[in-house]
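Should a chain be cited, it is by its letter among A, B and C, assigned in written order, with residues numbered from 1 in that chain.
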Amino acid sequence: MLLAQLLVSGIQTGLLYALTAAGFALIFGATRIFHFAHGAAYALAGYGFVFAVRAGWSWPLAALLATVLAVGFGLFMDAFVYRPIQRHTGSFFTVFVAAFGVVIVVQSGIEIGFGRAFVAVTSSLTRASAVLPGLYLARAFWIALGAAAVLFGALGLFLARTRTGIALRALAENPDLLRAYGLSARRLSALAFALGSALAVPGAVLGAATTGLSPSVASHVMLVSLAASVVGGIGSLRGAAAGGLVLGVAENLVVSVLDTQWSEAAGFVVLFAFILFRPRGIFGAALAR
Amino acid sequence: MTPQAMTPPLAVRGLAKHFGGLAAVQGVDLDLPAGLITALVGPNGAGKTTLFNLITGALAPDAGDVLLDGARLGPTTPRQIARRGVARSFQDLRLFDHMSAGENVLAAIEPAAWFWQPGDAAARRAAAAAALADTGLTAAAGALAADLAYAERKFLSLARILATGARIWLLDEPASGLDPASRARFVALLRAAAGRGITVCLIEHNLDIVTELADRIVFLDQGRKLAEGAPEAILRDPALAAIYFGDRA
Amino acid sequence: MTAYLLNLAQLAAIFGLLAASLNVLVGYGGIFSVAHAVFFGFGAYAGAQIALNVAPDVLLVSAAGGLVAGVLSLALALPALRVRGEYFVVASLGLQMVATTAFTEAEPVTGGLGGLVGIPPPQLLGLSLASPWAFLAVCLAALFGGLAVMRLLMRGSFGRSLMALRDSESAAEAFGKNVALLKTLAVALGCAIAGVAGGLFALQMAFVNVESFTLDQSVLVLAMVIVGGAGTLAGPLVGTLLLLLLPAALSFLPGIPPTEIGAVQQAIYGLAMTLLMIFRPAGLAGRAQGKR
């Protein structure tokens, strides 16, 4: 039953990774910006949540603050970091270094404010009940499942059915077309950053309420989003979601054969294998060169 | 024997390439006779650049062959093609932007990957200097390629090819946007090259330049070769003119 | 005080060499590796093992470090041949993460989290280099020797070929360049020199553990190159001096509790990286952007 138990917790991790990675993919798909600082949005949301709960706020209010922080951070990055860089060079490496700098700033800011140790809010979410003999499911699992189902459903409808959603998908492909429709590429790119960053919130809040957070989540989540996107096929929402799930499961399953130390590395072994043998990912059409 | 009767240094037979549902090049036959300038003309999207990419191994053809001196080439890479004496330019130039003009030309004639180059370094420097001089870039040799003026960048792209000593040149819109003075220099350069026996194929939209320069025209549309022959004959054909000028209705 | 300064100078020389070696990849080859600390680490562990089990001879230790890192650089060359741009950055991030775990877990070789301790004082062909001045001289010799080699290669045809494929891979190939071999050699060269720096680092510290070979270290070295100016010979040195002196300077600043110095320093160089990319992407020693 151990394997099933690990699989279940893998799915729980994976669903949250999937949401976070989908946020990254949404941003990349719409703006072609490789948002390396996506993990910082997650970290800000998570720590904002912890801060608010400790200050006595109710959970919904604290989650709202987390969302505001994440969205605000995304908008800030779009307007004050990526846009100025794209105005002069736009070389991806410049973007990468600038974003990484921001991750470092956020991470060390958190370290100064909250210390290096893990922080968490106490909750009953980790309390598990047996669904089968020997197989336990925590309440957090159902929340992760629910959040993923609702958000992916809503996102799918939004992107497929609404004018703005369709425009968002067309942004990267054909900015001129949008202008012809009277839509502003700048506003759409801001929207992509806002939505994409908001998708990191469920993972951050659940993370704060279950496993806890440490300052290095920013880079860890960044790596996970990148890895999930590559595994799934860069720019594909479906791919990022699948990639996130694969990584979450891989991280948890590996514990059954190897030391827990390897659990994080397992995801990157998967990533490395994909880059070497199938760089276009599971769903990717062609490799952008 | 007339040049036409000899084996052409470069020929293609039945070359075809699809991109998804789009047939970019469909069964093209082409001979580039030695020492002649062949102009490849056709509307945008006709498949001209794709044809170059197929010849140079930048793309793998779906079908067909490339023949060098009459011998079938088989699957190949840009590197192997370059080593067989075929040099090409790019529509978007692809200069080595963060290197000086002089380094651009030198880099084009140092094919060995190891930490040193075999052969005569002084001779390579001389060849590079000569190519820069021929293209009027001597004074600009120290400037970064990215900082050069438009026409200078066009000529630098040509200087890289000139220096290689390649015997077959494939030039993708090398003269587009040149001012009249630069254009005259360009025409003279290509004429001189053809005079030395270099086989030239150039893609060109400007029909004045084509008339002035080309010995033969090959007309491409929607991936097919529609016509080939002497410039006067092709350019007088009203049906081709209609296609060329987009009067397709 | 002198001891402190000598120590800092030795570290500056070692990190200068490390940053310069990364510059071969990033600045000249356009191979944007965020895994350079891995090869620094390979060199350091290899050097430490030689020092512990054979002899703490500087030449032997650096040769071993360079050799091991150079050979293992294939792990980086492989993805560099398959993908480029963002994909490669992601691949190198992955490599860095896996290597950090491997360093922690491979206890028989690396000593795990505790690391390898008790590395004897360095020697040179039987002569003791226990004096900090003597070891500083060796570090400086390695730095300037390494710089001379890199300068020679980067100003020559190898450097031109590398820069050519950095600027346009397809054009470089069209002029007959062997892109795969060039990249492999550039990666091997850069990583081997990083390995030499790693060997010296092991001797300098007298112990090594995984802390020095993490993603943070890779990013620090990358920041040194970027802040100074990638693709210039002086840039990495300028960047190294700035970023190594920063914590030293901060410790003299009033109002920062000593426990927070690390975090404040991180924040400052993170901020510096971001601002520099926005306002002066070519780095401090780099030339301002061209017209285009």
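We adopt the following convention: contacts are C-beta pairs under 8 Å (C-beta built on N, C-alpha and C of every residue); 3 or more make two chains touch, one makes a residue touch a chain.
Everything numeric here is computed off the predicted structure, so don't read it as measured data.
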| item | value |
| --- | --- |
| Touch-based graph of the chains, sorted into line, ring, star, complete or other | line |
| Chain closest to the middle [Cα centroid of all protein chains] | C |
| Rounded Å distance, chain A centre to chain C centre (Cα mean) | 31 |
| Mean-CA-position distance for chain C and chain B (Å) | 43 |
| Where chain A and chain B are represented by their mean Cα positions, the distance between them in whole Å | 47 |
| Overlap residues in chain C, where contacts from two or more other chains coincide | none |
| Of chain C, residues touching chain B in the complex | 153, 156-158, 160-161, 163-164, 166-168, 170-179, 181-182, 185, 231, 290-292 |
| Residues of chain C defined as touching chain A within the complex | 26, 32, 78-79, 82-87, 89-91, 93-95, 97-98, 100-102, 104-105, 215, 219, 222-223, 226, 260, 263-264, 266-267, 269-278, 281, 289 |
| Footprint of chain C on chain B - complex, ascending | 56, 58, 77-79, 82-83, 87-88, 90, 94-99, 103-104, 106-117, 144, 146-147, 160, 164 |
| Contacting residues of chain A [partner chain C, same complex] | 34, 81, 84-85, 88-89, 91-105, 107-109, 111-112, 219, 223, 226-227, 230, 234, 259, 261-262, 264-265, 268-269, 271-272, 275-276, 279, 287-289 |
